[in-house]
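For reference, the structure is listed below as structure tokens.
By letter and in written order, the chains are A, B and C; residue numbering begins at 1 in each of them.
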Amino acid sequence: MKNKYKILLFMFALLIPPIIRNEYYVRIVNIFYMYSVVALSINLIVGFCGQLDMGRAAFMGLGAYCSAILTVKMGLPFIAAFLISGAFSGLIGAVLGFLCRKSAFDYLTLVTIGFNAICQIVFLNWIPVTGGVMGISRVPQPNIFGFHFDTNTRFYYLALFFLAASFIAMHRICNSRMGRAFEAIRDDSIAAEYSGINVQLYKILNFAIGSVFTGLTGALFVHYTQYASPFNYTLDESIYQLQMAILGGLGSLAGSLVGTFILVVLPEISRSFYEYRLLFVGILMVVMMLYFPNGLLGKEGVGERLIAVRLGMLGGKNSRKDSGG
Amino acid sequence: MFLQHLINGLSIGSVYALITIGYNMVYGILELLNFAHGDVYALGCFVVLGLVTAGIHPIIAILGGVVSGYILNILVERFAYRSVRFSGRVTPTISAVGVAYIMRNAILKIWGPETYPMKLGFRGTQLHLGGIVVGTLQIYIFIAAISFMVIISLFLKKTKIGQGIIAISQSIPTAALLGVPVNRTISIVYGIGGALGVIGGILFCAYYDTIFVGIGFALGTLKAWMAAIIGGVGSLKGAVIGAIMLGLIESMVAGYVSTLYKDALVWLILITFILIRPQGFFPSQIAEKI
Amino acid sequence: MKKIIFAICISILLAGASACYAADTVKFLVVGPMTGDSAGQGFQMKTGTQIAVDEINASGGIGGKKVEFEVADDVGTPNQATIIAQKYSLDKDLLFVLGHNNSSCSIAALPIWQKAGLPVISPSNTSASITRLGYGNYFRVITNDDIMSKQLCEFAIKKLGMKKPALIWENSDYGKGMRDVSAAAIPELGVEVVAEDSFISGVDRDYSAIITKYKGLGVDGVLFLGDYTGGGLFAKQAKNLGLNVQLAGSSSCSHPKLIEIGGDATENFYVVAPFDPFDTRPRQAKFIDNFLNAAKERPGEWGADAYDIVYLVKLAYERGGTDRESLIKALHEIELFEGVTGNFKFDEFGDVDKDSLMLVVKDQKFTRYEE
């Protein structure tokens, strides 16, 4: 039943470019698809495993630079560079996860922020490799076995495929033993430990898997924009990406797509919204945390509340908040 | 030149210390990663700028800024943190990030990203001691940091509110059972944190004679957080020593290693430190007391 | 400030209202950072453009057609620049693009602008490499850092007599470009660079470690390649720490705020400038006056160059550059354009070779250095 809808949705997505036929809109949708995967990976780390990672843009940057360097400077074909970048980013993620496997919550957040800062400085200053402030321009467009994804519309199908594949993969992961282990760690890592879950190993795995997806997205993105610049991978960018996952719902994969859609598409529709987007993001973060801590589509989200209202069950909803005394 | 680098590091460190004291107090007591601390006091400092530009005497303007910092932080606590106080770690932290964004963008909308000269009339002079230069303002800032540390320690030890704060840092339910007015006390902690932040921020601005939006997050929250982790979360002594160590590290790395990779190296040192000694040099003094 | 916002609102309204008369207007796009860290520069671009457009419209427009423009915000980030480029490259009414402000944004967006055949004229990209990327539609009316840095270095070594110079540069596309040229040019003048340091604009506000190091090395002159805030602070901290050396700065130090922030420590601070914000020649003075009225600040290179670009296109348009393709051709064919920022023509890469001025702070005011 549910899968039928998903397939219908996918079929509809296939038809989007011929329907809208506007290169600009197609570009926005492409960017929305790619950011969706980043939001999914953030969701995997923050939403499912409860590790507040604020440095996702660094991994996007690692993937992007890795792929740009492999194709531009070493002449590797796109698909090889793309896959290597994912593996590279995942490896760095695993190393970072290994270092932080015992770290408490705040330290992990600080380490990810620090890692983001370090990556940006390295991108900016390791000139022989990263091109410094000028970055790497003229990154080739994706080319898979002779087929060039050189227009927005062609790229659309690549991005759609990438999103669908990532979504399915994430879905599988989250509904496996591993996914349940992540959730157990998020809810109570001590209890998880006693239930026989190797908490440290799963934390590392979680970081590594999330980083593979972030890195792959970064690589795809750089082949789309054809330019790797250190100014694209800042802390502000990380927090904006984090917000995409939060808005839709931590712990809800479909929610990540909704959150990303709102934060990528709305600013393009309204210029005044664009100007105030960061203020809006701030207000949203607070409001979401106060009223929908698990996001619009997550637990206690809009859907469940509507049902609750309909069934007249909303009473006592706020009891949790008053326990502060 | 080594001595001069040492003095430079101490001066930067004592500026950081002033900010870290307020930050670490809230951090230690409520274990909330207060991302908004810097941006809240930055708004307070901009209020001072606004008042000074409007022609009000600097002392009154600073008082106005301190009061606005106090009120702002109480409001923030009341509306953004109180109801998520018991919702785990992720939820309140994200709420705090949200508050930081609201404050920062409010500043950006009103004052923009430019740097303004901050004319407060604190005129420091330079003392030349055998080739080494020490600014009198730097000495005052150092003294201010130490005295704030002492005053707040005394406040926590000797007053009823202070004892209530310490009780809350140990266990909120127990404190409530013992008759500590939890919400009011936490409000006061935030208020003091905000007021201290503005004082620190103003001295920061006076030290560089300028004010810009970056004093909030990049130079405020982040540095205070780093210093708190080096010194020990929740420890006032740790806050001061951690901040001074951070200042020394920055100054030595910039002076002897590389300015290009300065921030990266400072972060690397900090990350290594976290991995080796996560509890900091002075593990929480407040939590262990009584 | 209010006035200019009002003027912009009106112009946007007018732009909306007159969209249906597209054929009777000359329309272009101003793109730059309107929000974010470098919003001040975007504001300058917008204001300079507005003044030029108002003047032209008041005196009959370009070839009898009214001029109008839209403003787009690239936030100064390359990714956003590509989105803006995609959006506006679909607008068939646009004749040309005035922007971007950041070199990295231009590099990111140029492939898309080129596909649409739109001429892109930047008021402030200084990175030398852009014009060598081979995009035929790109022009800039500011001298690239290659020329400007060489001029600064020559002046510093030959005229100011620096023997042991140090370079301090802002870690951005702007500062880095200047640094690369300077680090190569100074040894050619027979002097070694004693020390090199970088800082991050908008974050690093403490230069005491660098200054202390320079004191130890016996540096006798500092070339400051970065923004005016950093320049002012550096001058002030150097004076406080007793580093009494000759200071010279790059073009983005040529802003009155340098003096406001640095105070009397900036006395004798030399800067290379594409535009003199205190120019007294009648045409420049009139522009500066109008700018002051509209923006409550003096024009820097961004405002003045944007102003020149509008007039430059007017000239090219009247010489047959009425569509995108012929405009590119006409721009290349202009043999001499006389603007408020100087006289220039484009070379085959779209670069200009303008004479930059040297300004020096005397009695807390920028004055032109005369030999």
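Going forward, a residue touches a chain if its C-beta (ideal position, glycine included) is under 8 Å from a C-beta of that chain, and two chains touch if they have at least 3 such contacts.
Remember, predicted model here, so these are calculated numbers, not experimental data.
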| item | value |
| --- | --- |
| Arrangement of touching chains [line / ring / star / complete / other] | complete |
| Chain pair with the higher count of C-beta pairs in contact (A-C, A-B) | A-B |
| Chain centre separation in whole Å, for subunit C relative to subunit A (CA means) | 36 |
| Whole-Å gap separating subunit A and subunit B, where each centre is the average of the chain's CA atoms | 32 |
| Shared interface positions of subunit B, touching two or more other chains | 260, 263 |
| Two or more partner chains touched - positions in subunit A | 125 |
| Multi-chain contact sites of subunit C, meaning residues that touch two or more partners | 35, 171, 198 |
| Touching residues on subunit C, where the partner in the complex is subunit A | 34-35, 73, 76-79, 82-83, 86-87, 89-90, 102-104, 107-108, 111, 127, 129, 133, 171-173, 176-177, 198 |
| Footprint of subunit B on subunit A - complex, ascending | 46, 50, 52, 99-100, 102-107, 109-111, 113-115, 117-118, 121-122, 125, 239, 242, 246, 250, 276, 278-279, 281-290, 293, 320-321, 323-325 |
| Contact set on subunit A toward subunit C in their complex | 22-24, 27-28, 31, 124-125, 132-135, 137-138, 152, 221, 225-227, 229, 231-232, 268, 271, 274-275 |
| Interface residues, subunit B side, partner subunit A - complex | 33, 79-80, 82-95, 97-106, 109, 172-173, 176, 182-183, 222, 225-226, 229, 233, 260-261, 263-264, 267-268, 270-271, 274-275, 278 |
| Residues on subunit C engaged by subunit B in the complex (per definition of touch) | 35-40, 171, 197-200, 202-206, 208-210, 212-213, 215-216, 229, 233, 236, 240-242, 257, 260-261, 263 |
